[in-house]
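Each chain gets a letter, A, B, C and D, in the order it is written, and its residues are counted from 1.
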Amino acid sequence: MSGAQAKQEPSPRAHELVNSLNSTFGQMVSVTVLRPNRIRVQTDRANLRALATFARDMLHFDHCTNVSGTDFPKDKQIQIDYHLGSIDGEDLRSVILGLTCRVPSDDAKLPSLIEIFPSVDLHERETYEMLGVTFEGHPELARLLLPEDWSDIPPMLKAYRLPGRLEGE
Amino acid sequence: MVAQELEEAPKKPGPGSKSDGPGLNILVGKARQVIQEAIVDPVTYLANWGRLYSLWPVHLETACCSIEWGAVSGPRFDAERYGILEAFGSLRQCDLIVVHGTVTRKMAPRLRWIYDQMPEPKWVIAMGACSITGGVYFDSYNVLPGVDQLVPVDVYVPGCPPRPEELIDAFVLLQDKIRKSNIR
Amino acid sequence: MAELVTFEQFVVRILKIVFWILIILPLIILPIFYLAYVLPVEFVCGFNALTCSTHINWAFAINMFNPEQMDPFSSTSMLSQMGLGASGVLFKSSTFPGLTFAAVLSSFVIWYERKLLAKMQYRVGPLYAGRVGGIFQSFADLFKLLFKEIVIPAKADALMFLAPPFAMMALSGALLAIIPIGSTTYIAQSPYSLLIAIAILSFFPMVTLLAGWASNNKFSFIGAIRALYQMISYEIPLLLSVLGVVILTRSLNLSVIAESQTKIWYIAPMILGAVVFYLTAMAELERIPFDLPEADSELVAGWLTEYTSMVFGVLNLAVYIKLYALSALFTILFLGGWLGPPGLPDFVWFLIKTAIVLTIFIIPRGFSPRIRIDQLIGFGWLWLVGLTFVNIFIAFMLSASGLL
Amino acid sequence: MSMPLASSGLQTAQVAEDKLVVSIGPQHPGAGHFRFTITVDGDTIVDVAPDPGYVHRGAEKQTEYRTYLQSIPMLERSSLTDVTNIIGPYSLAAEELMGIEIPPRGQYLRMIMSENQRIMSHLYWLGIQGIFLGHSTMFMWPLGDRDIFVDLGQMIGGARITYSYWIPGGVRNDMPESFKPRALKVFDYFETRLKDYERIFFQNPLFLKRTEDVGVLRREDAIKLGVVGPVLRGSDVKSDTRIDEPYCFYKDLDFEVPSYKECDTYARCMVHLVEMRQSMRIIRQCLEKMPLGPVRVKLSPQQRTNPGEAYARVEAARGAMSFHIISDGSTKPYRVRISVPSMRNLIVLKKLLIGSHVADMPAIYWSLDYWPVEADK
C-alpha cells in the first residue's frame, strides 16, 4: 500500500539510520522513508526480534509508542506495526521508526517484543484481543478492553461488521 | 408518570357504580377522610419535601459526561443549592443515579447491580445522548442503545454532553415529579 | 389521595389538624385526665396505687383535699416531683440541655457547616430547602432518611449491625449528660465528671469496630481498623492534655473547673494543652484532616459504608452531637465555660463560646487535605505526647509558684 | 477462537489468608470509570490488577464506516477534557495523506485552541487530585476557574466543550474580534489565581506530606516504560512533542518545558501548574503574532486521500497523542489506530502502587492523569 506514496528525502539523522539498517540487515529488511522523520522497516516475523534488539542497542530507540494491527483480507494477511521512539538517543526525539511485519491470517503468531521494549505490554494485549494475533512470549496475554462475555470474532478484523450498520453501508 | 396513570386507569370505577357513594357507613367514611387529611397527607408531604430537597447522587461515572457533572457540582452551577450533595461515596446512602453518558456492555451489569443495591426509593437520570439512544456510538459493537432497557429512567437529558443548565433543569423536573408522587 | 404540592396547602392542612385536636381534646382527653387526677388515685388507677411510693400518694391526697389546687393543671407540680417536670431529670436529659436540644443544634450545625464550606469555595450551598438560605436542609435530609428503606447486608449479623447506631447515640447522650452548660443548667453532677467524660470517649472505638465488623464489608472493616488505631493512639494525648487543667484546679469536676477560671481563662497558660486537645478532638471526631476512617477516595465511606437510611442518619447525628459535646468540653476546660459579662443568662455565654469553637472545628475541612495513617500515628505519639508533657510541666510550675 | 478470562472482572483470585483483596471501582469515589483490584497486606499494597475497558466504545472500528470529516465528532468524545488535542494528530495525519497545506492563521488558531484546552484539562486534573486527597476546596476552585476557560473556548468554538474545531484543512471558523481583549483579561486574572493555588494548595504542609516521595518513578524506568506527558516530565525528562517535533508554529514561539528531578507525585503536580502558565504565555504570543488571512482550505465532504500511511503526533494535555492512519485511497480511512497517552501511562500504575500505602493509592493513580474514557477509546 505504501508504495504509492511519494518517497521523500530523509533528514540527515534519519539518513544515517537508514544506512545503518541497510548495511546490517541487507536484504532481510526493506527500508522506506515516508517523511523526513518517519522510517518504515518491513521485515518478516523471524527477523523481528533481531531487528528490535538492534534498534534498541545500536540505534538507541528506547521505547515503543504504539502497536497497531491492520487486517488485509484480500492478501489474507495481518500487518503489525511497532512504532519506536527515542528519548535518550541523540537527535532522535523527532524520529519514529516503524517496524512492520506481516503475518498470515490463519497463522497469526508473532514473537512478542515485551522483553526488548517493556512498553509494548498493553498495546500487544489490545492488538491480541482486537485482531486475534498471538504474541508468543507475552506473560499475560489476556482480555483487556472487551467485555468478559465477548464471544464474537475479534472486532477489528474486516470480516466483523458493526451490528448497528446495514450490510454495505 | 404516564405509565403509572395508564396502569391505574382500569381500576378507576366508572360513573354509576356502587363504590361511587360515601361507602358503607358515613361515619367510617368521615373517619377515613379525617385520617387521610390529618395523618396521611401531611406525612406524604413531609416525606416528599424531604426527598426532593435531599437527592444524593451515586458516584458512578459511566463515560465522558462526568466532566459536565463536575461542572454542575462546581462553583458556577453549584448543584448543592438544590440539596444535591455529592459527598457520599457509598451507594447505600444515595437516592439518585445520574447515568453519565455511554453505557458499555461491560459497564451494563455493574450499573444494574448498583441500581439493585440502592435502597428504595431511588431515581435515575439519563444524561447525554449516549444514555438515551447510544448517541454517536449508535453503531458501536460495545455500546448499549439507551439505558432504559436496563434501569427505569425518570428524566432524560439530551445533549452531547448536555450543558450544566440542562442538567439542573432535569433536577428541577425530577423534584417536580417527586413532589407529585405518593410515598411508597 | 389528595396531593399536597405547595407549602401553603401544607400550612392549611396543619391548621386543620390543630383544629381537630382542639375539638377532640376537651371532649375526650380532658375528662380522662380529670378522672385520673382529681378523683382519688387508689380508685382510678390501681397501677399508681401499687407502684408509686407512699409520699407521692400522700401528695396526691394533699392536693386532692386542698381547695386551692383543685384544678387538674396544678398537678404538673406532681410531675416535677416525679422528675418529669420542667426542672426534672427526665426533662433535662431529654429536652434541654439534653438530647433534643443537642440534636436540633446538630442539625443546624450540619447546615452551618455546609454553608460555611460553600462560602469558602465560592459557592452558595443549600439554598432552596426552607425559605431562608436553605436553613431546613438538614431537616430535609432527616425526613428523607426517615422514609427510606433499611438495607441489612445479606451476610451481616443483623443485631450487631443495628446495635452500633444506638450505642453511638447512647454514648453521645451520656457525654452530653456529664457536661454542664451553666452554673445551674446541668443534667448530672459528679465530682469526677471530667474522668467520666474521658471514659465515655474511650468507648467510641469499640462501637466503631463493631459497626465495621458487623457490616461484613472490606471497606467497612479497613475503616474500622483505622478508626481503632486512630482513636486509641489519640486517647493518650487527649488525657494528658487535660491533665494540666486538672493540676491547676485540683479538681475533676467540670463545674468547678469552669468556675475557677474567673481570674484568667486557661487557654492563656495552657495554650499547648488547648492545641493538643483541639487536634486530638479532631481525630476523635474523624474530621478532615483526620477523617481516615471515612476517607471516601480510598475506602468508599469507611465504616459507614453499609449503613442506610435512618440508621445512617442516627450514626451521623451521633457524630455531630459528639462534635458539639467536645466543643462544649473545650469551652469548659479552656475558655472559662459560662463565665462572661452579666446581662445574659450564663448558658447563652456558654453557647456563644461553643459556637466559636465549633466553627474552629469545622473550618479545617475547607483548607486541608487528608493525612495518612502512618503520619497520623507518628504525629500523635511523637509530637502531641511530647507537647502535653511540656504542658504538664508548665502547669506544675504555675501551680507550685502559686501564680494560679 | 477462545480467549482466557484471567484478570477480568468475574474471577476471584486465590490469595493467602492474611491478605485482603479489595476491588476498587467502577463504583468507587476514587476510581471513576475504571476498576482495579488491589491485594493488601496490612497497610501495604502487594499486588495490583488493572481492569480497564468500562468505556471501550470501539471508536477505531467506527472510523471505518465514516468519512474523514464524519469521524471527528465521534473521535473527540474519546477525550472530552481535551477535545482539540485528540483531533490534532488525526487531522495532521489526514492532511499528510491528502497533501494539503494549512494557512498560517489556521495554524495559529489551532495553537490557541490547543493551549486553551490544555489549561482546561489541567484544571480539571487539579480539581480531581484535590478531592482524591480529601481537599474539597482544591476541587471547587479549579473547577470554577475552568469554566472561565470554557467560556473562552466557547467564544471561538461555539459549544461548551465539544466544538470539533481542529479539522483536516484548517480550523472550522475564525475567531471573533472580542476574543483577544477578553482572553488577556482572563489571563491576568488567572495568573493571580495561580499564585493563590501555589500558596494555598501546593505549599500546604499536609499536601506536601501526602505527595512528596510518593509514587517515585525514576528517569530510566519512565523512559523504558514509554510514559508520556506530565508523568515523563515529572520524572526528570525534558521531552515535549511541541519542541521535539514542532507542529504548527511552535518552533517560532518562546516557552519553557518544565521537568523535575524529584520524580514523585509532587513533581507531577508542579509540572501541571507550570504548564498552565506556559500555555497562557503561548496564547499571548499567538495573539500577538497572528497574521490575517483564511483559516481553512476548502475540502469536499467526500475528500479522497492518497493511498499510504501516516503517523502523526501532537502534545496533548496528558502527553504525546499519536494517530496511525492507513488509507487505501477511498473516502474512508482503511485503519485508524489511536495511541493515547492515558493508555501509555497506565503501564506504570502497577509499578508505582506495589509497595505503597493504601492511602497513597488515589494520589498516585490520579497523578498519572489516567483518563479511562480516553484510554479505552
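Keep this in mind: contacts are C-beta pairs under 8 Å (C-beta built on N, C-alpha and C of every residue); 3 or more make two chains touch, one makes a residue touch a chain.
Source: prediction; values computed, not measured.
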item	value
Of B-D and B-C, whichever chain pair has more C-beta contact pairs	B-C
Whole-Å separation of chain centres (CA-atom averages), chain B against chain D	34
Inter-centroid spacing, chain C versus chain B (mean Cα positions, whole Å)	35
Chain A and chain B, separation of their C-alpha mean positions in angstrom	49
Centre distance in Å when chain A and chain C are each reduced to the mean of their C-alpha atoms	67
Of all residues in chain D, the ones touching two or more other chains	9, 28-29, 53, 56, 58, 61-62, 65, 136, 140-141, 144
For chain B, residues that touch 2 or more chains besides their own	75, 87, 89, 104, 106, 139-142
Touching two or more other chains - residues of chain A	146-148, 150, 155, 160, 162, 165
Category of the chain touch graph - line, ring, star, complete, other	other
Touching pairs - complete list by chain label	A-B, A-D, B-C, B-D, C-D
Of all residues in chain D, those that touch chain B in their complex	9, 26-29, 32-33, 53-59, 61-62, 65, 73-74, 77-81, 124, 127-128, 136, 140-141, 143-144, 146-147, 150, 160-162, 373
Chain B - residues contacting chain A, complex	104-106, 134, 138-142, 145
Contacting residues of chain B [partner chain C, same complex]	34, 36-38, 40-42, 44-54, 75, 78, 80-83, 85, 87-90, 92-93, 95, 117, 119-121, 179-180, 182-183
In the complex with chain D, residue positions of chain C that touch it	117, 120-123, 218-219, 222, 288-289, 291-292, 295-298, 300, 365-375
Sites on chain D touched by chain C in the complex	20, 22, 28-30, 40, 43, 130-138, 140-141, 144, 200, 204, 206-207, 209-210, 357-362
